[in-house]
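For clarity, chains are labelled A, B, C, D and E in written order, and residue numbers in each chain start from 1.
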Amino acid sequence: MSTINNEKTTVDPGTKTPAPRHAVRGGGRRRWLGLLLAVVALLVLASVPLWLSPYPVTMLSRILAFALLVVSVDLLTGYTGLPTLGQVAYFGAGAYAAGLTGIYLTTNAFVQMVVGTLVAAALALVTGIVAVRTKGFVFLMVTLAITELAHKQAEAMALTGGSNGLSGIPGISILPGGEPIALVGYLYWWVLFVFALGVALSVILVRSPMGRSMRGIRDGEERMRAIGRRTFMVKLVAFTFAGSLAGMAGTAWTAQARFVSPGDMAFALAAIALLSVVFGGAGTIWGPIVAAAIVILIRDEIGAIADGRGGMILGFVFVLAVFLLPRGIAGLSRRRAAAVGPTPIAGEGDEL
Amino acid sequence: MLLEVKDLVAGYDGSRVLNGVNLSLDTGESVAVLGRNGVGKTTLMESIMGLVRPSSGQVLINGIDLARKPPSALAKAGVGIVPQGRRVFASLTVEEHLLISARKRGEWTVKSVMELMPRLGERRTNLGSQLSGGEQQMLAIGRALVGNPKLLVLDEPSDGLAPAVVGQVGDVLTRLRSTGLAVLIVEQDLRLAFDVAERVLVMQKGEIVHSSSTAEFRADGKRAHALLGVG
Amino acid sequence: MDWFVANSVTMVNGIALGAVLFIVAIGLSLVFGTMDVLNLAHGSIALIGAYVGVAVLGGGASSALSFAAVLVAALVGLLAGVLLAVLTTSVRDHLRQAMLTLGVAMIVGDLLLMVFGGDVKTVPPPPALAGSVPFLGAPYPVYRLVLIGVGLVVGIGLWLLLEKTTIGAVVRATVNDRGMVEAIGVRTRLVLAGVFGGGAALAAVGGLIASPLMGAQPGNDNLMLVYALVIVVIGGLGSLKGAAVGALLVGEVQTVGVALLSGYASFLMFAVMAAILLIKPAGLLPSKHGHGGGH
Amino acid sequence: MSEALLKLEGVSLHYGSLKAVDDVSFEVERGARHALIGPNGAGKSTLFSVIGGARKATAGTITFNGQDITAESESTRARAGLVRTFQHSSLFLNMSVLDNVALAVEGFEGRPWRFFPSPRADRKIRERTMEHLTNVGLADRAGELCGNLSHGERRQLEVGMVLACNPTMVLFDEPAAGMSAAETHRFMDLIESLPADVTVLIVEHDLDLVFRLAQSVSVLAAGRLIAHGSPAEVREDEAVKVAYLGESEGAEPLFYSGGSDVA
Amino acid sequence: GGSLGGGSGGSGGTSGSVKIGLSVPKSGTYAALGKDMEQGFKLYLTQNDNKLGGKTVQLVETDEGNGPQTGIPATERLVTQDQVSAVVGLVNSATASGLANTFNQNKVPLIVANAGSDKLVDTPSDYIWRTSFTNGGVNAPMGAKVKEEIGSGSVYLLGSDYAAGKEQVGGFKKAFTAAGGKVAGEEYTPPFGATTDWQPYLNNVRNSGAKAVYVFYAGSEAVGFVKQFKQFLGGTGIKLYGSGFLTEGSVLDAQGDAANGVQTSLHYSDQLDNPKNKEFVKAYSDAYKTSPTVYSVQAYDAANVLAEALKKADGTTGEAIGAAIGKVGQIDSPRGTWSFNAQHDPDQKYYLREVRVVDGKRVNAVVEELKAG
């Protein structure tokens, strides 16, 4: 098995290939273009409640929360080479923590977000110490175990409402002591704020030296050790960061749904989150976000009216994507294609 | 002609590495391909074998065009390869390598290969991944031999071998030649290349820029150095 | 000691469950360990096998019909496997394989729901094996005892095939380096289709013979898949003996374990798996052939 | 004679019954150019793994820079300045050539944990990286994906990467294997131009390279050290001749005219 | 457009018609159940010329799926996008609790036609009603009955390990112990199809010396359990009692002989001997070639409730319908007449049923009406 990336940008021996500017960041027009695009996208997203009716706006809130979860999966799967089914555990932990904070402590959204994120971070740190000792398929299964155990725990606990879920969560408020928000549009803005914050932090991370170290582990952990890196620490930091991000997404989820159930930390959600990353293009940020939107739209919108055939439609989309989009959605843009690399599950393959 | 390559063009994902290569090789003949790193020697060998799919051109074995056929078709037509980087199977024992490769009857059997390279016999139950670099190289050569090919393609066979073993490989190849086997060899160790080959081709940037007999090539060291980019 | 006597039947029952799970899991392990394809549609094929039982034996079983059902299941499994092999040949990246095979699983799941409906269906065991025999002081179904024998036969047969013939070596080599196997003159497409087909046929037959115990219904595909994944990873990827040990362990955990710690029944299997992977990340009996190459 | 930088005492590594490395003791002095040669399967790469820390010795002690590092992890050794290359390239295939070397540079000169952007630090790392790439002749391939490099180019990158780790001592495992004569020459020049305080331990089958670069040579056969000395001494050693060199050595000039110093 | 205005509520459709949403599972584990509900609801519409309370129905259907992840968005869509005047359905209790806010906020009534969690909402509201049952309620009447049957012997309790399982078994346990019954053991098995082998539990039952077993299982677990109970405890004389879902609907066919003699409690059986039921069973069987189940009746009754409410309501807005449901009074149902109680749950009769073969067909024969628990 070879992990050689067969994609070739320039091959003519001797041709000068200038270093891409984003490789080691030294500024550059492209970065500004990307930033500009991001700002435009954000503005468009922010304007949505002004011209869309409540239902699509709710849908969009759900998409944003889920997309942030997907980004957290991508940080591990796409950037660090650790395929995970575990992020929903932290997503759920953040969601429950925010909900419980709302019920027993305060409706303040910031407090809920911070509490949810910290709880998820703590959980990710503790479980991460165990999980990051493994890699590949074994890592996938350990994270599946984390998800399953968390799920079962949520189902069994009275505090979280057991299998009936945590209901009766009051609406969030933004200002200290302010009125709870009930209107879909305002809720959406809050979710958008959390989403933008999370994505911005992720983008900064993957472009930082820390991000390069993560990719180094993806491509050759042994080699990272040989050049003097403490790979365990890099993985643990990445795992904890991704867990916090998932928890943050969970708080956004609670804010808009005002209800959390064990299903929010279940295998099914973990699976579509992981597939969204693959579908979008592991190792890019925007691809998985777009994929997350498509997946949720198919599941919730088309699935609801397709007489129970939602699963089949999603299945077809995944199968087609494998053949039509060999580098995921992100592969449609050549510029980032180089960042997309295959992630072996079996541990890194190596030519002999 | 045993092997004829005509206007072979090949590359990776739409970019060209070989820009129309022509060469031919008769039964019992042996040719060395020389050139600097990255000029396309391996790409040429692998597209002859079908491991890289040529985008145009022909690879004729005994007059039949096998370009763009799977490698197994070429193997069946009598081409054996010792690839660059050895490509031994990590999870097969030495013996298993030879067993699964012995698909044609002939002079070479598992036994005779192990006699030729006793080290392989000693490491019979080691997995490919548990061999030293040189042992892997021997195994790759042995694997090609037990297939009893008519044309042996070798891509840097001396890579990683100790001098004594390189000498042995040279002896073996010379002996093989006398049995009518044709040899196409890419080699950085010029001594070995000259020992084995009667003709020398030099590649630059995906093209063959020089072709002469070995003796002729050796006669003019200055020109040879220029061709190989040394100095 | 009292406890031991009281639970001895449960232990045997765990072996029977392990035997069925082994037959299903070994297909997944083979395809992953040898072809390097993580087939998440494996559970769906097992479910197809169960529904073959419903279709053939739904009207009442006879020995001949039961035998026919096994053949049909094997054939359907083989075809499904070959189809999956064709689909996955060009997809080398594990994550994309996961997306492909999970997509297929979603489609198959819905198709089966359309054809067979959402109700649980039961499949009768062959009439000759339908009864119970007194066993350790209580009646015990003959069918479950027979399963233990079937598991043994399948296990030994596969071991002979893979370890004692060169077929196994060719298969393993194909995982290591497909191109190089071609270069020694083997049509790897045939190898791929054969292994995938064989693994899938085992899954289908496993699903069929498990159906008198577990029934046939939507959702069993995921259940079987998760069982198989857990077994394969506990035992060690691609290892035949590992799969056997993993299956037995899971069988016992799901029987004796839950009888002992019923309050934690839901947690047991995954907790045991996590604990084992912590101590032995490569599983209990990792394949001696390693995975993915050495240096 | 200055104190030894690297000291091996009774180091062994056994694979089951096979003694891949068997009771090996030797010293490498600070700033030395030391070569390790021996037949295929002698245990050279295994010994490198033991020194580098990828494998734990079954017996013996290893002292580096006055400290016992026998129990230290690979990354700790690397940070202490003991860096190795791999016989089988193991580069970051999905990253650019530049990123490959930048990773190494960063580990030693930047703050690898840095999360927030800093254009100044980035520029510095980029400059250092390009310097290293220029040294190994890959500057114009900086933007290329590593997976697209040819075999020989990867070997060059391999060298660039260790040098970027600011090593006190470098272990080269067959660095010139697969390099063409031209590239081998550049490599030799590169090693010769290394600062004198960088110690080099090198395994290589290309004896011209060994005899040109090394001041001292150790010979390993079947896991044991069978000879040790200056290149000239080793070349004349009977045991070495039998075990390693064979007969074919230098009977005939390579080219009949002009520049036969090559290859 | 715009999402910054107040909650809109069901607009009610054009005059003379009303838009109703139906949210039942069409995929996943509960698809079979969803189908029964859909058929029950549609039967009522067919029988009444597609009208409810004189208003022509525009039915909007959606797939509740397996749980809240799919159920909530799908149902929310009916309310906020399709702007229906009322929604009928919901199998899953978590989905129902998760949606309570949405319905209250948008002032659209929800008629839950299955989900049985004991306390669906904290405070009853005009917008949340239930035509099905509560988990505890179904089983409480069996407490005294089983005590009477087994006398001084003890009972072993088994159930699926989730909220409904605990509430169902808990309802029995409370009434049973109140009546002086002894519990030999109590175990909850991994839910949602995760348990396929009951031998270990049945072994525990055997070792406990219990005289009877009381269980809650539904769907595939009901089939697996009943069959294995017969296999492992068949000859021992230990009796099997349970919540009616154990033998309700299609599972009964799958259980085969093993189910014979199992006694359960439920608020319906297609064997009920009353004119309304006879007529209903005939119409249902004619239309769908299969017998109705309790799920069909619950949805059928939901349609009936809506019809009654629409007759009384002042217009077709959600608000009007919600207020009118409170005034529908007695519902004449195949299960016997019932009415909403203060919790907005049905106040209804329960029956002791026993699986018997009648005219070559395996049915839940009605033994007697149970005294309220």
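What we mean here is this: contacts are C-beta pairs under 8 Å (C-beta built on N, C-alpha and C of every residue); 3 or more make two chains touch, one makes a residue touch a chain.
Since the model is a prediction, treat every value here as computed from it, not as a measurement.
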Ask   = How short can a path of touching chains from chain A to chain C be, counted in steps?
value = 1
Query = Which chain's mean C-alpha position is the greatest distance from chain A's?
reply = B
Task = Between chain B and chain D, tell me the centre distance in angstrom, where each centre is the average of that chain's C-alpha atoms.
result = 28
Task = Indicate the whole-number Å distance between the mean C-alpha point of chain A and the mean C-alpha point of chain B.
result = 48
Remark   = Per the C-alpha means, the centres of chain A and chain D lie apart by a whole-Å value of 41
Task = Could you give the separation in Å between the centres of chain B and chain C, each centre being the mean of its C-alpha atoms?
result = 43
Overlap residues in chain B, where contacts from two or more other chains coincide = 12, 38, 85, 87, 89-90, 128-130
Ask   = What parts of chain A, by residue number, touch at least two of the other chains?
value = 6-11, 13-14, 155-156, 308-309, 311, 342, 350-352
Key: Contacts with 2+ other chains: residues of chain C   = 110, 113, 175-177, 266, 291-295
Query = For chain B, which residues are in contact with chain D within the complex?
reply = 12, 35-38, 42, 84-85, 119, 123, 130-135, 137-138, 156, 159-168, 170, 188-191, 194, 218-222, 224-225, 228-231
Remark   = Per the touch rule, the chain A residues reaching chain E in their complex are 48-59, 62, 155-156, 161-165, 167-168, 182-186, 188, 257-259, 261-264, 266, 268-269, 299-301, 303-311
Key: List of chain D residues in touch with chain A within their complex   = 52, 54, 73-79, 83-84, 86, 88, 90-96, 98-99, 102-104, 106-108, 110-117, 119, 122-123, 125-126, 129-130, 140-145, 147-148, 150, 161-162, 164-165
Request  = Spell out the part of chain E that touches chain C in their complex, as residue ranges.
outcome  = 27-35, 161, 187-197, 199-201, 203-204, 206-207, 219-220, 223-224, 227, 231-232, 234-235, 250-251, 254-256
Query = Which of the residues in chain C come into contact with chain E in the complex?
reply = 6-7, 9-10, 13, 17, 110, 113, 117-122, 132, 138-141, 213-215, 217-220, 223, 254-256, 258-259, 262-263, 265-266
